[in-house]
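The same subunit A turns up in both complexes below, where it pairs with subunit B and then with subunit C.
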Partner chain A sequence: MKFVFSHRKVSGLLTILPAHERDFVDEMSNFNFPLARSLKLKQVMGYDKHRLVDGLVCVSDLVVFGLEYLFKQGWLGRDDFDALVLVTQSPDHFMPPTSNIIQGRLGLKRDLLCLDINQGCAGFMVGLIQGFLLLDQPSIRKVLLINADVLSRKVSLRDRNSYPLIGDAASITVLERSAEDAPIYANLKTDGTRCEALMIPAGGFRLPSSPETAVLEEDSEGNFRSKDHLRMDGSAVFNFVQVEVPPMIEEVLQMAGTKMECVDTFIFHQPNCFMLQKLADRMKVPYDKMPSNIVENFGNSSGVTIPLAIAFNLKDRILAGDVKACLSGFGVGLTWSSALMNLGPLNFCEMINYQ
Partner chain B sequence: MKELLAELADILEVEELKPDTNFTDLPECDSLSLLSIIVAMDSRYGARLTASEIKQAGTGRLLHELVERRKK
Partner chain C sequence: MEKIEKILQEIRPEFVFTPETDLITEGILDSFDLITLVSELDKEFGISIAGVDILPGNFCSIHAIRELLKQYGVEP
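Right after this comes the complex of A and B.
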């Protein structure tokens, strides 16, 4: 799928991270592996600190905290936006939509389109495409794209495949129309035949949670997880990313009639720093143009890693002027998507902690 | 094959690897090592393999044969 948008922009960005920080070294004893191997993993994958919610914190808690902050700062008015698009895989409940819960908790206006989208690693891209489409409607002045996940609550403490890298976070991105006609190019691809590479097997309607699905099972490598837990086939995901992402980036550059060298920065979803560096090698992109420091500082918060990487690495540049950015998200679904667009100047770009 | 064996030994952090040693039995052969082998076989020889193909090959000799067949 190819998309082209014009007269669209990102005008503000806020990220919300749980203040609660954990350290990979402290957690190593939870895993059934020699310490030396875990230290090697830390070095290669870039596992270090990650931010996780403490207790039963939900997506709507992080988002309400962030929106109240924006209202208080005066960066966003309570009635300034007409659509709230929430991309999450960890809703407060199956029903109602978490976006409705957020509208209710904040007492927002009723003339508001609330939409939940179930997407993960490509969730920022899917949300961006959806938000830009909604701006076709004259009655929609601004769209709030909200990415939020608290997936650490679904990861086994004894799973060295997933626990060291998992992170919780939320981001609020303001999308609106722009007077400038700088086209935005995007593409997106789907392959549901490989959906089992990243999944939480139990807890939905296909396999409801039960005492049986809560039983911890050991895999061939010595990880313990239950069917209620998130599971990831790491090497399948690695191969998928290395094979599918480079041609997708080629395609989006071709759509724009531009070259790799003309892009200022490549802001990609960050599963771990190893995967990104291998991707950069394959695409012949210098490492300093492709930040890979999110997992080591905050963990992988699925759809929030792209906005986090923007706020953490580009804040000063995009507050001052514009940056030609190539964005890309890939993972759960499987879904992979990319976009080429100018980012900035933004009205605000801030990172805050949730207490 | 010598070069490939040296590469495997390096990844698995063992001094020497014999062509017929089943390296998947080594404690160092975890998911991280498999990932490193995938990358090495791809970047050095242009052979794209999956973790299960590498595990199935099991020895340096069979992995070498597989790489030769899959070389671009």
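Right after this comes the complex of A and C.
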């Protein structure tokens, strides 16, 4: 599916990271593999540091902390926005929506559209498209796109496929109308037939959590996880990304009538640096145009990795002026989506720690 | 051929490799070993094996790896 938006922009960006940093080297003994093999992975995949929440910290805790920070800084007024779109796979509860919980905890106005979207690695793109669509309504002046996940709480400590790369984080992105008519091109694709490549099998209504679903099972590669844990078919996901993403990027460039070399930066979801470098090689994009440093510094925080990569790598550039950026998210669903747009100048772009 | 064997030996020193050793179905290489192998082959031969070629069938034996490398203009 293709989308074209005009008179839309991102006007501010804040990321919220748990303050507690973990180190892959300290965790290697949890895994059922020789240390030398795990160290190899550190080099190839970029496993190093990652940020995880402590205890029972939830999505709404990170987001409320971030919004209070924005209000205190004066970068956002409590009544400045009319829609709050939260993209998460780790809601505080099945019901009510976590966006409503956030509205209630902050005492925000009742005249506010609160919307939860269940999406993961493509969640920034899905939220961006949804947010831009909402801005068609004259009554909506600004949309807060919030991406947040605390998925580490659903990953087995003894799963070398997922635990070393997982990260928790939140981001708040302000979307609003722009006087400038710089078109934004986007596309999005879905393949639910491959939905089991990334899933948490138990805990929903199909397979409720029980003592049986909590039992750790060993997979063919020596990882231990239960049905309550996140499981990822790494090979299937890798192949999906390598096959589907490059033609999707070609498509969005064609929509815009532009070429790869005219794009200033490619900010992609950050599963691991190996996967991104293989994408860059295939697309003939220089590595310095496609940052792949988020997993090694913060972990993979699903839909937050794109805003985090923007804030970590582009802050000064997008505060000062605009950057032609190709954004792309891909993962759970399976869902994959991209956009070509000018980013900046932003009113604020900041990274803070959740204390 | 020796270079491929040497790389495999570094990744899994506990095994003895022959050209026909089944690397995948015998569980010698797991999915992450495969990634390590690709990374090492890229470095050794100055190539970038395409992501779409990183399939178990292309790495199931030293013979298969050799055939794949030929497609990248490499005679190991």
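In this text, the second predicted complex is superposed on the first by the 355 of 355 C-alpha atoms of A that agree within 3 Å, B and C clash if a C-alpha of one lies under 4 Å from a C-alpha of the other, contacts with A are read in each partner's own complex, and residues count from 1 in each chain.
In this text, a contact is a pair of C-beta atoms (placed from the backbone, for glycine too) under 8 Å apart; a residue touches a chain by one contact, two chains touch by 3 or more.
Note that the structure is a prediction, hence the values are computed from the model and not measured.
Because the two structures share subunit A, they can be overlaid on it, and in that overlay subunit B clashes with subunit C. In the superposition on chain A, A:221 contacts both subunit B and subunit C. In the superposed pair of complexes, A:239 makes contact with subunit B and with subunit C alike. Of the two partner chains placed around the shared chain by superposition, neither subunit B nor subunit C is touched by A:137.
Taking subunit B and subunit C in turn and counting the residues of subunit A each one touches, the greater count comes from C. By the touch criterion defined above, A:40 lies against subunit B and subunit C together after alignment on the C-alpha atoms of chain A. When the two complexes are overlaid on their common chain A, residue A:32 makes contact with neither subunit B nor subunit C.
Using the contact criterion defined above for the overlaid structures, shared-chain residue A:73 touches neither subunit B nor subunit C, since it reaches no partner. Of the two partner chains placed by the overlay, only subunit C lies in contact with A:279; subunit B stays clear of it. 37, 40-41, 44-45, 161, 221, 234-235, 238-239, 242-243, 274, 278, 281 are the residues of subunit A that lie in the contact sets of both subunit B and subunit C, per the superposition on chain A. Considering their complex, residues 33-34, 37, 40-41, 44-45, 161, 221, 234-236, 238-239, 242-243, 274, 278, 281 of subunit A touch subunit B.
Within the complex formed with subunit A, the residues of subunit C that make contact are 11, 27, 30-36, 39, 48, 50-52, 54-56.
Those residues of subunit B whose C-beta lies close enough to touch subunit A in the complex are 27-28, 30-32, 34-36, 38-39, 42-43, 48, 50-51. Of all the residues in subunit A, the ones that touch subunit C in their complex are 37, 40-41, 43-45, 160-161, 220-222, 234-235, 238-239, 241-243, 274-275, 278-279, 281-282.
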